[in-house]
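Input: structures, listed below.
Next come two complexes, and both contain chain A; in the first it sits with chain B, in the second with chain C.
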Partner chain A sequence: MTATAAVGIAGLGLWLPGFPSLAAWRAGRHDSEAQAPPGRSLDRVSRRRASFLGRAMADVCAEAMCDAQVDPATVQTVIGSAIAESATLLGLLEQMWRRKEPVSPAAFTMSVHNAASGLISISFGNRSFTTSLAADENTPAVALLEGIGIVLATGQPAVVACGDEAAPDGLIAEEHTWGPLAGAVVLTPLQPGSRGHARLRVRRPGRATLAAADVDPAVSRNPQIGLVDLIAAVAQGASGCVGLDRGSGLGWGAEIEPCRDR
Partner chain B sequence: MATPRVRPLPVTGYSNLNALGSSRAEILAALAAGRSGLGPPAESPGFETAVGAVTAALPELPAALAPWSTRLSRMVAALLADLDEPLRRARERWPAERIGVVLGTSTAGVNATENAYQAYVAHGTLPFDYDFRRQHTFGALLYVVSNLTGARGPMWVTSTACTSSAKPLASAQRLIAADIIDAAIVGGVDTLCSLTLRGFHALQLLSRQPCRPFSSQRAGISLGEGGALALVEREGEPIVLIEGVGETSDAYHISAPHPEGRGARDAMAAALEQAGCRPDEVDHINAHGTGTPLNDSAEAKAIGALFGDRVPVVSTKGYTGHTLGAAGAIAFAFSAYAIEEGWIPPSLHADPLDPELALNVPSRVTRGRFRRVLSNAFAFGGSNVSVLVRAP
Partner chain C sequence: MSRPLKRLPPVAELVPHGPPMLAVDELLECEPGRALARLVVRERPFARDGRVETLVLLEPMSQVVAACLGHEASREGAAIRVGMVVACKELVLARPYVAVGEELLVRVERRQGTDQVSQFETETRGADGALVARAALTLVHGAALTK
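Up next is the complex of A and B:
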């Protein structure tokens, strides 16, 4: 068995189709117009450059950081995504092979997996640690592991955000396609008297004892759904183990226990 | 800025593959002879440039892994084959679920997807043997490595463009310090592909001729491919020690470095701070040194601000090309060579040196005792990583 030391969860953020924030989702306020994240937290130039995913990631990070009352200019950032900017990549392949056009330099620079973390650091003026990682359905678990590692090593908070755009048309069998989502949690060191939503340990095996979040079936197939399940459980003040991959990954779980002073 | 508190990490094995060769002996012979691996691309991209292609024969994957076979996964298989003995010892020493895998790549399976997409455009269907999830995604690489090595611990791919394979060294440090794992396979790989060649060409960053980092006549990047892997363990007989890793962001521009090298300087300073080491204790720097006017200028200012012009600075991009997501790991391997071998190669084609850069850039093989070597990797997104390695 593998289990991490405990850290605190001090902030939450969520974007789902029709639900532009965690508060909107918890209140069941569906907005059929809110099918694309606005990217309000990005500066004007970055917002123009950002993909659907980049805007979603920035907004959920901003929501979680605001909730946790951490400084966006110094918080360490871990971004997880299975396919990240694949839509931009496929656009470039269309340019190259179908339209026989030169590659767009702007699109090329935004096709890297860390485009979102770059724009977030620029918009928030954050010169500290950022990273971008991927592990298919295990991405939420390993993003949390990386986040816990950096929090324990530095004694400073980290925001961990995971998200994926809709699966690319044509490249994935239809039964495996998914809808978009993004979520974020702020992790903090556990200190006497520290405030937060919950205590967190990541473990494997991590058999789920808490129910998965109730989301649209297409969204539930998104490789990052495990982080949404964690956010939903923490927001409800639940105690127990959240599965981080809905059975499709290596079996990592998140053991949570609510903080009593929140 | 917070500097992680972690202890030096033993490296008990490493392997390296690039345009100079697939064995340590081949690579060292080329470095000693000042022989570049750069040349014209096998297929013309429609413009003049030089690339560092891997010419070594790559192993086939076992039949059970055939659906995951790509140039990228076969490069990883070649690198793992060179780590066979230290990996065997690590498996005897640590439980499989305590051996992690943290690799870096920027392109992942783009090369395979490019080929498939060309067929899709031509015929309206993807090739029968193409599978996005087995050949394109980052998880595919992890699946191959896990199956080839038996490692069952936490595993992920870091993809932060050209710092991708340097960051896993720090991740492994933290995972071991947090007692989540006891050992890890770290490093990274990247392959040449049309998209990166055309993308860097569109950005007007490619050199027509083999790149000339730090030269007054430098005119851009030469792309390359390859990778390097290292086995790091909680304890063991170290070949070298990873003493400090600094990770920062520029927060300046998505694709251009801060002109004064602010984030780069901070990353180097953070690596030194983690090691508790002074700048004058560093004996050599393997620079990011891509050969673009702006990149080399920013890095030179950052190095100058911390180290002055004393320490010998070499870019090995003139030998291998810029291997993008693999660059950080390959720079680590060159740092380890310097410590083990007691010499560093000349910075190829750097003469005439750019006098504005005020760096000590050797133009011939330099022998000496290299106890501590720093290597740099900088990337799109303003990502900066510096890795400090020292002799045991």
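Up next is the complex of A and C:
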């Protein structure tokens, strides 16, 4: 068995179709109008440039940072996504190859995998470490492993956000397509007296002992669903192991234990 | 129904790449959806201290996919199209480097595909048959090639 050292989870953020925040989802307040993330946490220019995914990632990061009371200008960020800005990229290729139109440099800058990471850094005025990862359905596990490593190495908090928008037409076989989601957790060093939701260890194998989150079936096929399962379990104050890939990946799990001093 | 060509065309006629980026020397087998090719690792443009990082093999593996698709198009009398690798999954690098002068065999096989997108299983093996690298590549097909 492989397991990391423990860190704290001090903040949570979530965006799901119809649920613009973790609080809305926990309260069951479905808003049929809220089918796209507003990107409220981004500045006006960045919001205009941001994709659906970029807006969702920024909003869940902001919600988790606010919950954890960490400084958005200094917290380190780990951004995970399986297909990231593929829709923008494929749109550019379509424009270039099929419509024979010149490609906008501004659109090109938003077609790269780390576009969300860049927008969040710019908008939050954050010059700290940031990285973007992709590992398909193992992305939540890999992003958490990276985040835990950063927290343990620096002694400073890190926000880990994972999300994927719906795959563009043709990229994924129809039976495997998914609905959009984004989630974020703020990881902190474990210190006596520190506040937080839970203690976290990531382990493999990590056989799930806690139930998966109850979400729309299309959303449940999203490669990042494992992070939503973790956020839901932590928000409920559960104790046990959350599967980070719903059985479709390498079998990483998140062992959580609620903090008593919250 | 299209008939197999008796001789396989040079790779340079099937892909948009030219020297020094063209890394594949020869197609050994090619039929719709699968191909086997041979290459000898070259000094230019990626070698350092007589060796090349195995990750660089993503390029020749992609070129063999392009050659396979180009060959398919030419058999059917269609235009050869450019393409772009947009995703790489299940990447395995069995060793960190390959040596300049080393002979490698690259095999590709289509997992699924449409007119616009294809997914190929690709692998590279050494002359001894040992796995060197493996990956599943997703490609978007573009416009007709003009060389």
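Just so we're on the same page, the second predicted complex is superposed on the first by the 262 of 262 C-alpha atoms of A that agree within 3 Å, B and C clash if a C-alpha of one lies under 4 Å from a C-alpha of the other, contacts with A are read in each partner's own complex, and residues count from 1 in each chain.
Going forward, a contact is a pair of C-beta atoms (placed from the backbone, for glycine too) under 8 Å apart; a residue touches a chain by one contact, two chains touch by 3 or more.
Keep in mind that what you see is a predicted model, and the values were worked out from it rather than measured.
The superposition on chain A brings chain B into a clash with chain C.
Shared-chain residue A:T177: touches no atom of chain B or chain C. In the superposition on chain A, A:T130 makes contact with chain B only, while chain C stays out of contact range.
Using the contact criterion defined above for the overlaid structures, shared-chain residue A:I83 touches chain B and also reaches chain C. Of the two partner chains, both chain B and chain C are touched by A:W97. Shared-chain residue A:T209: touches no atom of chain B or chain C.
When the shared chain is aligned, chain B comes close enough to touch A:E146, but chain C does not. Touch counts on chain A: comparing chain C and chain B, the chain ahead is B.
Annotation: chain A residues 83, 89-90, 93, 96-98, 136, 170-171 touch chain B in one complex and chain C in the other. Here chain A touches chain C in the complex through residues 83, 86, 89-90, 93, 96-98, 100, 136, 170-171, 173, going by the rule given at the top. Across the complex, chain A is touched by residues 82, 84, 86-87, 89, 112, 114, 116-117, 138, 140, 142-143 of chain C. Here chain A touches chain B in the complex through residues 2, 4-5, 46, 49, 74, 76, 82-84, 89-90, 92-93, 96-98, 102-105, 108-115, 117-119, 121-122, 124-139, 141-143, 145-146, 148-150, 152-156, 168, 170-172, 176, 204, going by the rule given at the top. Looking at the complex, you find that chain B touches chain A at residues 1-6, 97-98, 106, 110, 113-114, 117-118, 120-121, 126, 132-133, 136-139, 142, 153-161, 167, 171, 173-175, 177-181, 194-195, 198-204, 247-255, 262-263, 266, 379-383.
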